[in-house]
Amino acid sequence: LDEIDIKILKILQENAKQSLEDMSEMLKLPKSTIAYRIKRLESQGIIKGYYAHIDPYALDQDYIVITFVRAKYGKDYHLNLGSKLAEIPGVWGVYFVLGDTDFVVMARYKNREEFMKNFLEKLMSMPEIERTSTQIVVKTIKEAPNIVIY
Amino acid sequence: LDEIDIKILKILQENAKQSLEDMSEMLKLPKSTIAYRIKRLESQGIIKGYYAHIDPYALDQDYIVITFVRAKYGKDYHLNLGSKLAEIPGVWGVYFVLGDTDFVVMARYKNREEFMKNFLEKLMSMPEIERTSTQIVVKTIKEAPNIVIY
Amino acid sequence: LDEIDIKILKILQENAKQSLEDMSEMLKLPKSTIAYRIKRLESQGIIKGYYAHIDPYALDQDYIVITFVRAKYGKDYHLNLGSKLAEIPGVWGVYFVLGDTDFVVMARYKNREEFMKNFLEKLMSMPEIERTSTQIVVKTIKEAPNIVIY
Amino acid sequence: LDEIDIKILKILQENAKQSLEDMSEMLKLPKSTIAYRIKRLESQGIIKGYYAHIDPYALDQDYIVITFVRAKYGKDYHLNLGSKLAEIPGVWGVYFVLGDTDFVVMARYKNREEFMKNFLEKLMSMPEIERTSTQIVVKTIKEAPNIVIY
Amino acid sequence: LDEIDIKILKILQENAKQSLEDMSEMLKLPKSTIAYRIKRLESQGIIKGYYAHIDPYALDQDYIVITFVRAKYGKDYHLNLGSKLAEIPGVWGVYFVLGDTDFVVMARYKNREEFMKNFLEKLMSMPEIERTSTQIVVKTIKEAPNIVIY
Amino acid sequence: LDEIDIKILKILQENAKQSLEDMSEMLKLPKSTIAYRIKRLESQGIIKGYYAHIDPYALDQDYIVITFVRAKYGKDYHLNLGSKLAEIPGVWGVYFVLGDTDFVVMARYKNREEFMKNFLEKLMSMPEIERTSTQIVVKTIKEAPNIVIY
Amino acid sequence: LDEIDIKILKILQENAKQSLEDMSEMLKLPKSTIAYRIKRLESQGIIKGYYAHIDPYALDQDYIVITFVRAKYGKDYHLNLGSKLAEIPGVWGVYFVLGDTDFVVMARYKNREEFMKNFLEKLMSMPEIERTSTQIVVKTIKEAPNIVIY
Amino acid sequence: LDEIDIKILKILQENAKQSLEDMSEMLKLPKSTIAYRIKRLESQGIIKGYYAHIDPYALDQDYIVITFVRAKYGKDYHLNLGSKLAEIPGVWGVYFVLGDTDFVVMARYKNREEFMKNFLEKLMSMPEIERTSTQIVVKTIKEAPNIVIY
C-alpha cells in the first residue's frame, strides 16, 4: 500500500460513487491508473465491498442496544457463542473482548417488543451464556465505521 | 416507505454497485422506477451516502478498543463530552447510554503506541471525564453496521 | 383520548370520590357527559379500578425492601420466576429490567421476622434464582403510583 | 385497629367503590357501623385517599425506568436531593435506601425523548448528584401498591 | 427493665468485678437490692455471663480477617452454612446480612499459615459456598462489643 | 506465656467468675499460684478487663448494621476518620481494612429511627467520607469476641 | 544473616558479575571472606541463582497481560489450578491472593495471536476456572523483582 | 537475533554463571563466537544485566501485596504518579494498565507495620491518587520474571 492507494481509499470510504474523472483531478493521476489501483485494492480484499448507508433512525430503528455477554467457561464455548450471536437478526456487531465480559454485542430494533422477541428471548435460550447485561443507547453521537483512513 | 423501497434498500445496503439492470430484473420493475425511488430515498435522507468498505485489519488497524467513559456530573458536561470524543482521530463510534457508564466509544489504531498517543492521552486531558475503562477487542466476529434492513 | 378525557383522568387519579357535580363545575361540562366518558374510560380498560390508599406505615409495615433478583440463565426461567415472585405475600411490585439484575422486587413487611419468613426463605427455595441482593428502605420520600397524568 | 377495621381496609384497597350494602352483607355488620369505621380510618390518616387506577401502558407511558441515584456526601445533601427528585414530573416513587446507591427512583415517560428532556437532563444539572444509573423496565409483571393488607 | 437495671448493666458491661459496695454507693441503693436485681438480670438471660477480655494482639493474634461469604442458592443452604462457619476455630463472629454477600465472618489467627490451614482450606471444601472474599484488618481501631448500653 | 497461663486465660475468657477453688482443682495447682498468675496477666495487659455479657436483643437492640466506609484520599484522613467513627454512640467495632473499603463499622440500634439519627446523619456530615454502604444484619449467628484462646 | 551478608546481597541483586576484587574494596573485607559468605548464602538457598536480565520489549514481547483468575469453589481446586497456570508458556508470575479474585497471573507474548493461542485458549479449557478477566499492560514503568534488599 | 542468540539467551536467563566451556559444548560452537555474541547482546541492550535471585521469603519478606491504584483524571497525572509509585521502597513492579484500575503495583514487606509505614501512608499522601485497593498474596506460586525465552 503506497500513498496513492491510501488517498484513493480515503476518497472511497466517504464516497463510493466518486467519479474517476473527479478522482483523476483530485489526485493528478490518469483515470486508468486509478481504475487499475481500485481493482487491485478490491482483489486484495482491502476494499471488501460498497454499501449504501441507511439511516437506522429514519427506519424507526431507535431501540438501540449494547449488550454485554458473559459466556460460561468451557472449551469452544466462546467460539460457538460468538457465531450464534452474530446470526441473530438485528445484531450488526459482535466483538470478543478481554475483561469482565466476553462479548460486546451491538443491535438495533424498532421497539421494545421486537427487541424482546428477536433478541432477548433468543439469548435466554443459549446454553453457553452465563449472564447478559444490556445498555440502552439514548443517543448515537457518532457511527462512522466506514472511516478507516483518518 | 413501502415494500418496494425496503427491497431496494436491502439490495443497496449490501451492494451499492448493484446495476439498475440487475435490480430491475430482481424486483420485476422498470429501471426508471427504481432510479426514481433511489433518488427519493437519497433526498429524504434515508440513504445517507455510499461507502467503500475497507478492511481495518488489512490496513494493520488491529489495536481495536471499546472504551467506557464516565462523565463528571454537571450541566452540559455530557453534551460537550460526546462531541469531543467523536472528534478524536480513530474513533468511529460514540454512543450515549444509560447505566454505569455514559459513553461507549469504539476506536481503531495500528498499535499500542498510536492508541496511547492519539487516544488515551487525549482522554486524560479532558476535564469532563471522571473515569475511563478500556477493553481490548481480541476478535471482531461481526461488524456490519451497514445492514439495517434484516 | 382527547383533552377532556385527560382532564377527567387527572381528577380521578387523585380523588376517586370527586362528585360529578364538582367535576361538572371544574370542567364546564354537563354531568351526563362526564359520567358517559368515565364509563367509556372504564370499559376501555384505561381506568382499571378504584382503590383506597392505605398508609403502610400506619399499619406498622415499616420493613420495606427493594430486592434485586438475578435469574439463572435458561429458557422460560425468567418468565416463570416473574410470576412466582409476584405471588409472594407482601410483594407489590415486580419489574423485569435490563442490566445487571433481572427483577426489581418491591415488598413491605411488619418486621424483620416477617420479612425473613414470608419473603427471604421463599426466595431461597426457588431454583430459578441465582442471586438476590436486598436494600432496606429507610425512608419513603414519594410513593404515588396513581399519578399517571402529570 | 381491630379485625373488623382490617377487613374493611382489605375490601377498600381493592375496590374503593364497594357499596355499603355489599360490605354490610360481607361483614355481617350494620351499614352504619361500617360507615362510622370508614370515617374513623379516614380521620386517623390510615386511609389517605381514594384514587382511580389508570393503566400507564394505555396512555402510551411505556418508557418506564428505575434509576439509582448516588448523592455526593455532605450535610443535608441527601435530604435536599430526595425532595428535588420527588418533584420531577413523571417520577412516582423515591426511596431512600442503604447500600451502594442512595435513592431508587421510579418514573414513567412516553418515549426516550420525553425521558431525556424531562428526567435525565434535570438530573444532570443537580449538583447534589454524584452518579446515576438507569435500568429500563421491559415488563411490569406486577404493580399493585394499593395492596397493603395481604 | 427500669432505669436502675440499666444503670447496673452499664456498670457491669465495663467492669464485671465492680464490688457491691461501690455499686451501692454509686447508685444510692442498698447492696441487697443491687444483688437481687443482678440475679434477676442473670436469670432473665439479659446478662448472659461474665468474661475476661484478653488482648488478641498480646497473644500474637494479629492476622485478623473479615471474610465475606456468598452461599449457593438453595433451600437450607444458608442455615447450614451459618452453623458450619461458626464452628471454625478462630472465627468469633458470623453475621447473616442482606446484600451482595450473605455472611460477614470475623476471625483471628496468629499468621498467614494458620489462617490458610485453619480457615481458608476449610472454607474451600464447603459445598454450600459459591464465593468468598477476604479483607485483611490492618488496624483494629475499636473493638468493644461489651458496650451495649451507651 | 506458658501453657498454664494459656489454660487460665481459656477458663476466664468464658467465665470471669470461675472461683479460685474450682480453677485450682481443674488445673491441679495451688490457688496462690493461680491468683499470682492472674494478677500478672492483668498487669501485663493481656487481660484487659472483665465484662458482663449483655444480650443486645434482650435490650431490643435488633437494628444491627455493618457499614462499609470509604474515606476520601488525603494525608491523615484515614487516621482522623477512624477515631471519629469510633466515637459514634452505638458503634462497637471499627476495623481499618485493605481493599475496596477502608473501614468496616459494626453498630447496634433499637430501630431505624435511632439508626438514622444517631448514626447515618452523623456519617453524612463527616467531610472525610467519600461513600458508605450499609448491610442490615438479619441474624447474628455467632458473636463471641471474648474467645481468643481456641 | 548479619549486616555483611545483607551488603553482599545488595550488591549481587543488582550486579551478579561484580568481581570479588571490587566487592572486597567496597566492603573493606578480604576476598576469601566474601567468597565464603557467598557460598554460604547459596547453600542456604538465600541466593537461588544468577540470571541474565533480558529485555522483553527487545524480543518483541510487548503483548503483556495481567490476568485475574477466579477458581470454582471446591476442595483442591485452587491448589491444582495454581500449578496448571504456572506451567503455561509465557506465564512468569502466579500469585494466590485473597479478595475478589484468586490468582493474579503475569504473562508476556509477542502479539495478540500468540496470546490467544498460547494463553487464552488454554485457560478456557481448564475446568477449575469460573472466570477470568485480563488487563493489557500499556507500559511497564518498573519491573525489578530482583531488588529484595532496599 | 538469530537462533544462536536465542539459544544463548535461553541458557543465560536461567544460569548467568554458565561457563563458556559448557556453553561451547552445548551449542557446538567455539567459545570465542559465544563470547562475541554475548558482548553484542549486552551492547544492544538485549541483556540488561545479571543479577542474583534472592529468595524474599528467606529474608522474611512475606507481607507481599498487589495494589490496584486508580489515578485522578487529569493531564500528566498518570505519568507523574507512575514514577512516584516506582520510587517507593519495597515496590518492585509498576504496570500501567487499561481497565478499571490504572496501575498494578507489586511490593514486598517484612510485616504489616512496615507495609503501613513504608507503603500505605506514602500512598495516602499522594494527591494524584483517587483510590487504592490492596490484595494480600497468600502464596507465591511462581515468580520467574527472568524467563523471557520460553
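Letters A, B, C, D, E, F, G and H mark the chains in the order given here, with residues in each chain numbered from 1 onward.
We adopt the following convention: a residue touches a chain if its C-beta (ideal position, glycine included) is under 8 Å from a C-beta of that chain, and two chains touch if they have at least 3 such contacts.
Quick caveat: nothing in here was measured; it's all calculated off a predicted structure.
Visitor: Assuming a repeat means more than half of the contact pairs shared by residue number, which candidate in A-D, B-D or B-G repeats F-H?
Guide: The chain pair with the recurring interface is B-D.
Visitor: Counting C-beta pairs in contact, does B-G beat B-D or the other way around?
Guide: It is B-D, judged by the count of C-beta pairs in contact.
Visitor: Which integer distance in Å separates the CA centroid of chain E from that of chain G?
Guide: Roughly 42 Å separates the two chain centres.
Visitor: Based only on mean CA positions, could you tell me how far chain C sits from chain H in angstrom?
Guide: The computed centroid separation for chain C versus chain H comes out at 59 Å.
Visitor: Counting only residues that touch at least 2 other chains, which ones in chain H make the list?
Guide: Residues 98-99, 120, 135-136, 138-139.
Visitor: Can you check the complex and tell me which residues of chain F touch chain E?
Guide: 1, 9, 12-17, 44-56, 58-59, 61, 64, 66, 82-83, 85-86, 89-99, 101, 103-104, 106, 108, 135-150
Visitor: Within the complex, which stretch of chain B touches chain G?
Guide: Those residues of chain B that touch chain G are 62, 112, 115-116, 120, 136, 138-139.
Visitor: Considering the complex alone, what residue numbers of chain B touch chain H?
Guide: Those in contact with chain H are residues 65, 120, 124-127, 129-136.
Visitor: If we count contacts the way the header does, which residues on chain D are in touch with chain F in the complex?
Guide: These residues of chain D touch chain F: 70, 73-75, 77-78, 98-100.
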